[in-house]
Amino acid sequence: MKFFTRRDKFFDLFEALADRIEEGGKLFAEIVNHYEHSEQKLSKLKEIEHEADTITHDIYYNLHNTFITPLDREDIYSLASKMDTILDLIESAAVRMYLYKIRRPTKEIAELARILNESITQIRKIVYSVRNKQDAKMILDGCVVINTLENEADQVLRTAMMRLFENEKDPIELIKLKEIIQTTETATDVCEDVSNVIEGIILKH
Amino acid sequence: MKFFTRRDKFFDLFEALADRIEEGGKLFAEIVNHYEHSEQKLSKLKEIEHEADTITHDIYYNLHNTFITPLDREDIYSLASKMDTILDLIESAAVRMYLYKIRRPTKEIAELARILNESITQIRKIVYSVRNKQDAKMILDGCVVINTLENEADQVLRTAMMRLFENEKDPIELIKLKEIIQTTETATDVCEDVSNVIEGIILKH
Amino acid sequence: MKFFTRRDKFFDLFEALADRIEEGGKLFAEIVNHYEHSEQKLSKLKEIEHEADTITHDIYYNLHNTFITPLDREDIYSLASKMDTILDLIESAAVRMYLYKIRRPTKEIAELARILNESITQIRKIVYSVRNKQDAKMILDGCVVINTLENEADQVLRTAMMRLFENEKDPIELIKLKEIIQTTETATDVCEDVSNVIEGIILKH
């Protein structure tokens, strides 16, 4: 009986984490697309990131206190850690916009935010399917989509960097934007890492 | 008999590594707080970093040559690797001050060095307690303190970045200080990683 | 019978990956040393990097679908992931030279490319020896050479940074070169990571 409770507990926590990521991703896109007067959205994003930290810590705690886990221990650890990192990066990119007082996000940041949110939608869908592992094909298709989105984000990053170095003549502005663009793109890389962990879980079962 | 020797060997090495980190952290704070004429301290710090590399390699060697280990193999590997990284980052931050010929460390670097040393004190205390795992509560309390210190360091980093971008008008100076500040703060992040590994070890036992 | 096929498959894939890394490393050195008119070489390098991604994914796929593996699962995963990262970094450094339209690579980039290729030669040699694990001494000697080369690369990086900050007065050029130099040096760090994984495999057997 306890085993089943525990088993469900892990999936409950992963789903709660996926929900926070989706909420955070949407808020990030709103901040990027409606940049003025976003202080309240930023506070809300920090709150979501903090909730995700608590959930992640809860997953680790259960991992160390459960003898038989529903997934391989290292997969549970990787999945929690990488899902948490997505939200860390989103919050970090948003906070830097404010700390650095950037005038407005570039169009490539908006483009990356869009790709990131598409990727997060897939992440949430496949995380919610891991509990039953029934629709393996749907999960593996989701992983392919996430992989394609990561390649797309990489192309946007490269174009953004080329344009930035061509057009931004103020080196300090360049440093600010470069860091924010790279942080946002790294979030899509970590979505692919999450997708790789889930692909491995599915292939093993 | 050999098992016991081996068992003790691991803890001896981890404690030796913790000692080097503490020594390196103190030297780093001295360099930051008394920046002039620190060439000798920097040489000493490089030496300590090199000793830590040797100890870490020794832990890996023993790990690969021991059949029954006193802690899970992946915990031994993570602990050694992350403890070694703390000293790598400390040495890297100190070396960059010299390579980049910075005039003097900012007050935020001094503040981060202070937080880092408080965190290292806790790291050393909990590493020394892992051998007997008797005072679990003390160890878990230490982990909470390290986590709080990491949050504090993150706040200092954010304030430091905001001030740097507001006040430093020379972009080349800004690049130098930004890298040194971020490297120092990353050392406190890795202290938290070490604390997470140890928390996991304690919860499992 | 199937076990043997599978067993060979892993080593075939690792050797194919080592071949791609060697090819990519050589191309990178050619681009650095004969920088003009390298567009075709860059396209070829992107192709090689893409092939390496496919091989890496093939290794993961086989890992998840094989019950008994010829090496520890986590070693197979680390080895594939880190070998793939070497080529990612090489391609990333080369692409940045073009995206950033740098006039010509500095002599330290050429020096790092030379060290990197020496390290890759050792990587390829030891990867090809893992299949039979017969000449353990030769493999461990190769690991020592890779470690020495990484220390050499670190020294070149430090000199390069000092010179860059002394001589490059255009902050935007400095940012470009700094990133390319650091990315190239990180590739030698990852060669050392690969060597550490292989050293672990050999010591365990």
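We just call them A, B and C in the order they show up, numbering each chain from 1.
Rule of thumb we're sticking to: a contact is a pair of C-beta atoms (placed from the backbone, for glycine too) under 8 Å apart; a residue touches a chain by one contact, two chains touch by 3 or more.
As the structure is a computational prediction, the values presented were derived from the model and not from experiment.
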Among line, ring, star, complete and other, the chain touch graph is complete
Given over half shared residue numbers means same and under half means different, the subunit A/subunit B interface is different
Chain-centre distance (mean CA atoms) for subunit A and subunit B, in whole Å, is 28
Multi-chain touching residues of subunit B, meaning two or more other chains, are 74, 171, 175
Seen from subunit A, its contact residues with subunit C in the complex are 74, 158, 161-162, 165-166, 169, 171, 174-175, 178, 196, 199-200, 203-204
Subunit A residues touching subunit B in their complex are 60-61, 63-65, 74, 95-96, 99-101, 171-172, 175-176
